[in-house]
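Below: one structure in structure tokens.
Chain IDs A, B, C, D, E and F follow the sequence of writing; residue 1 opens each chain.
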Amino acid sequence: MPILQVHLLKGRTADQKRQLVREVTEAVSRSLDVRPDQVRIILSEMDREDYAIAGTLVADRS
Amino acid sequence: MPILQVHLLKGRTADQKRQLVREVTEAVSRSLDVRPDQVRIILSEMDREDYAIAGTLVADRS
Amino acid sequence: MPILQVHLLKGRTADQKRQLVREVTEAVSRSLDVRPDQVRIILSEMDREDYAIAGTLVADRS
Amino acid sequence: MPILQVHLLKGRTADQKRQLVREVTEAVSRSLDVRPDQVRIILSEMDREDYAIAGTLVADRS
Amino acid sequence: MPILQVHLLKGRTADQKRQLVREVTEAVSRSLDVRPDQVRIILSEMDREDYAIAGTLVADRS
Amino acid sequence: MPILQVHLLKGRTADQKRQLVREVTEAVSRSLDVRPDQVRIILSEMDREDYAIAGTLVADRS
């Protein structure tokens, strides 16, 4: 505990992912008073064709 | 709000996805009395080897 | 298949939920060409203290 | 986008949740180069009887 | 790793949950060749009013 | 019902997946007293670059 799942659009670099998991883990650890090794993060990437806002695929939005 | 995640088998066309997110958004908007732009939909596609019913992978079912 | 999870704020009536699952099932059935009995929907309700936009709990937003 | 779901044990104060969503949103915004208002966070709380590690409910662990 | 989320209807006893997490952990450990302490299970319980099959809430099915 | 989602690292063989879904379904069926055909399992595979423990991507851990 805690376990986080992050839904994000494809296209981030490995370094962006490294920064993301490091900084989110620090934020969770500080605010929930848990050790970093208790924090697990799952990154679920999506194509722009697999995410919609207001009934329109992001791939179809200008 | 609301946020929907749809788990579905791979193989649908882009047009089927367009119809899906459009019509589901309309249904959510009507029934929950929210604006369409408040509705977000994540499509999580699965291989037939990654979904099982009754202990059998769909890929192995006739 | 398909399986949908709907994250929504608490406070809807049973009738709103009935309309939601009926109309979303019809939309999914039409667009993905599946039988209604193949569609399953999980409603995951949240308190306003358990959902945040732009770093602020919905409970704290005017 | 992005959308985060945080699974955590029940028992945190409203202030801990406020700090959590604020700091996690800042971390996501910095690392993925998105605006804070694009970040949504769902907090899914669990009873100690509904989370298990190594086959044992947390409620049963000393 | 692995992390499992089990969506189930409310109403099970603590002992049923104990058996569930014990036996599922053993099954995962055997088949994926991981140690039991690497397996985490989240139980997400639902009211019968929050789950629908074929467009009908389970609460409304005979 | 019940519906399980298993988050696991990529790299398992089809046979390991077959054993996993068969044995997990049996465990769920026994402990929750449901028929096997009521149990559905979604396998969500992840790259080692998309899972983090203690703020570090598994891909970066020795």
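Keep in mind that, in the parts below, a residue touches a chain if its C-beta (ideal position, glycine included) is under 8 Å from a C-beta of that chain, and two chains touch if they have at least 3 such contacts.
Molecules present, by chain and UniProt name: A, B, C, D, E, F = Tautomerase.
Remember, it's a predicted structure, so these values are computed and weren't measured experimentally.
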Both-way neighbours, i.e. chains that touch chain F and touch chain B = A, C
Touching chain C and chain E alike: which chains?
-> D, F
Length of the shortest touching-chain route, chain D through to chain E | 1
Homomeric contact chain C-chain D: same or different residue positions, threshold half | different
Chain C and chain F have mean C-alpha positions lying a whole-number Å distance apart equal to 24
Rounded Å distance, chain B centre to chain C centre (Cα mean) | 12
Taking each chain's centre as the mean position of its Cα atoms, how many Å separate chain A from chain F?
-> 20
At which residue positions does chain D touch at least two other chains?
-> 3, 7, 24, 26, 40, 42, 44, 51
Where do chains touch, given as pairs?
-> A-B, A-D, A-E, A-F, B-C, B-D, B-F, C-D, C-E, C-F, D-E, E-F
In their shared complex, chain E is touched by residues of chain A numbered 3, 40, 42
How about chain D: which of its residues touch chain C in the complex?
-> 14, 17-18, 21-22, 24-26, 35-37, 39-45
Within the complex, chain A is touched by chain D residues 1-9, 12, 16, 19-20, 23-24, 26-28, 30-33, 51, 58
In their complex, what parts of chain B are in touch with chain F?
-> 7, 44, 46, 49-57, 59-60
